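Shared chain: subunit A. Partners: subunit B in the first complex, subunit C in the second.
Our next item is the complex of A and B:
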């Protein structure tokens, strides 16, 4: 026979006390766990928001940095097409190269090794800027614009080097070898509303495509703000006088941290000096 | 004789299991947070490296403009191969390529490419820019100096 001498069970009071203590400890642990989960989600959201805002500012900088403006210049010299406080349209540079041969009127051939772009030109979407002597006056040199009618990527230059060939309107005449060629497309960078929220979007005006979001959601007010400065850093809305563009991006996100009722917000302002602005 | 084996087994609690479970949950969340932080730090570092390389390439352009002689450029064949100007001033952790090519009688493209390297010499980030330039008579020195063309001289290279 098993004798449990000296060992007794728990009284009801002891069990109740133990349960109350266990509940208190469990409750505290649960609260710590919940706050840690909230903090983790909040930090993750914050990091993602910061990263996205920074990415959007980089895209805006890369799009706008190479633009050209010239006081009193003609249409070909000014790349800013329209301005607004939360939208801008412009000629976005997509590539650069120089011709390797002199061909017939309107025909260009650019060696692959002398073509710098992250994609090939697209006829109908992209246009070309050519730097020709005798433009705009016989004693001067300047850029002219022409739409790209056709592209062949299987041609070669004189030495058998792989090249791309562009067909432009024959009216531009014969383009000599060594002519600098820029490839561009008309783009719009703008804040727009979709699904009840604001987004920063980009679209090709040349191809007529719908605007695509590159960042969002933006804050409802002042989510994307553009300010234009002239040579003296004074505000201006005259495209040909603009030398720098200030971009402010204010992103918003869900706040998982109960410490504040306001939504998560991140603001980044950057000033883009236009590298090809003429002073 | 008292057999206590059965009793010892019955008295084992849940504390260790609960503690391990909580440790795994909290450890997972902390690790996730660290991972996000690490990715963010890497993303920021990549941007910094690209910016460093781009700024160095940009600065080198103007260095070339100031140091290249007009007579040397006029000796280049029109439409010929690019002249390698050498790496310039050595900078630790960077590899520089500087070239100039004569496009027309008085039109030159200067190219500057800076590559950020790690300790083993592997490429981390690259920045490349170009400048369209021409020679202009300088009355002060009675020679020709290299200057950017009037419009759209600065070129982003890829």
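Our next item is the complex of A and C:
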């Protein structure tokens, strides 16, 4: 080291060597940082894809598990409205209760304390299924369906307890007190294409709303696949025979590990036994 | 020199945590598959139980396995007679630290 006039310092060679070492270390750190960023992005994409597919499988399962069909049953007895390999429309339960009074034709009053609901019924959007004696023949009891025309959420039953009043078409006649009432909404769960990608969407058929994405993007082919099985778990497309629905979700994501390779893909399959297959 | 050591330790820790996150993501994926597989088996047993009258007399409603499906090993036991049968489904899978199992238990009314 050269000492001039009592001042200490570095030679040019020392400075150059230090700079070269610094550059080498910085380069290594930068490379590690870049690969960490790429890895983190890839991990995030994997997590998002898995979460997406898992969520879709859970939502589809929960939507369909409550449905029921009846062997040889008519339209009112089957919750499955239309079936397809990548779309299904069905009656989604929105509430259940019992009438607390006998009123005029088409008028129902349901005690709030005996009404279990996701939300209050909505006229024009929801319908009611009523379990009536003498339906479909005088010797039988069965379910009939009717659209809800009007609703009052501030009425009371005979004992003064809070109640919901529903107005249905008068043609259904007088509904006795104690009648089971199921409130439902026609819904569609389907794969659909938007912005060049496939999505799992849900919409209310009753209200005529446009389909909304709930999960995605899905794989272009067989992103959302439904298969219907009967009591022997053989394939069928007859709604009244269906006892289980198999759902396959195939999600897709960007492959940050290798952009030239195929996109990421994740598949989950689940099987749902319908309510009529459980009891 | 000290700075280089500190830097190296930091970089190694970063790489180590990335590897751990990768393992956790993989584990989460397999756990999800195992849980859905077990749920699927329970649904099949539930359907088998309801397919006969009286209930739970179907030949399909019985203990079984091991069966390999989607690369996972599953076996299940159905409890002895009673109003509610205890059903236990075990799904095993391999991890870097050996075999792990996901177990689903439920009761099926008879």
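We take it that the second predicted complex is superposed on the first by the 252 of 279 C-alpha atoms of A that agree within 3 Å, B and C clash if a C-alpha of one lies under 4 Å from a C-alpha of the other, contacts with A are read in each partner's own complex, and residues count from 1 in each chain.
Definition applied: a residue touches a chain if its C-beta (ideal position, glycine included) is under 8 Å from a C-beta of that chain, and two chains touch if they have at least 3 such contacts.
Just so it is clear, the structure is predicted and the values come from calculations on it, not from any experiment.
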Check whether A:31 is in contact with subunit B, with subunit C, with both or with neither, and answer first, second, both or neither.
neither
For A:233, select first, second, both or neither according to whether it touches subunit B, subunit C, the two together, or no partner.
second
Under the stated touch criterion, which partner chain does A:54 make contact with: subunit B (first), subunit C (second), both, or neither?
both
Considering only touches as defined above, state whether A:70 meets subunit B (first), subunit C (second), both or neither.
first
Scan A:244 for contacts with subunit B and subunit C and give back first, second, both or neither.
second
Based on the superposed arrangement, let me know which partner A:43 touches: subunit B (first), subunit C (second), both, or neither?
both
Should A:270 be classified as contacting the first partner (subunit B), the second (subunit C), both, or neither?
second
So which one touches more of the residues on subunit A, subunit B or subunit C?
B
Give me the intersection of subunit A's contacts with subunit B and its contacts with subunit C, in residue numbers.
29, 36, 40, 43, 47, 50, 54, 278
What residues of subunit C sit close enough to touch subunit A in their complex?
4, 7, 11, 14-15, 18, 21-22, 25, 28-29, 32-33, 36, 39-40, 43-44, 46-47, 50-51, 70, 109
As the complex stands, subunit A meets subunit B at residues 2-3, 7, 29, 33, 36-37, 40, 43-44, 47, 50-51, 54, 58, 62, 65-66, 68, 70, 73, 77, 93, 95-96, 98, 100, 114, 116-118, 129, 131, 133, 141-143, 176-180, 182, 275-276, 278
Once bound in the complex, which stretches of subunit A touch subunit C?
25, 29, 32, 36, 39-40, 43, 46-47, 50, 54, 57, 231-233, 243-244, 266, 268-273, 277-279
Taking the touch rule as given, give the residues of subunit B at its contact with subunit A in the complex, in rising order.
2-3, 7, 22, 25-26, 29, 32-33, 36-37, 39-40, 43-44, 47, 78-79, 101-104, 107, 109, 128, 130, 132, 149-158
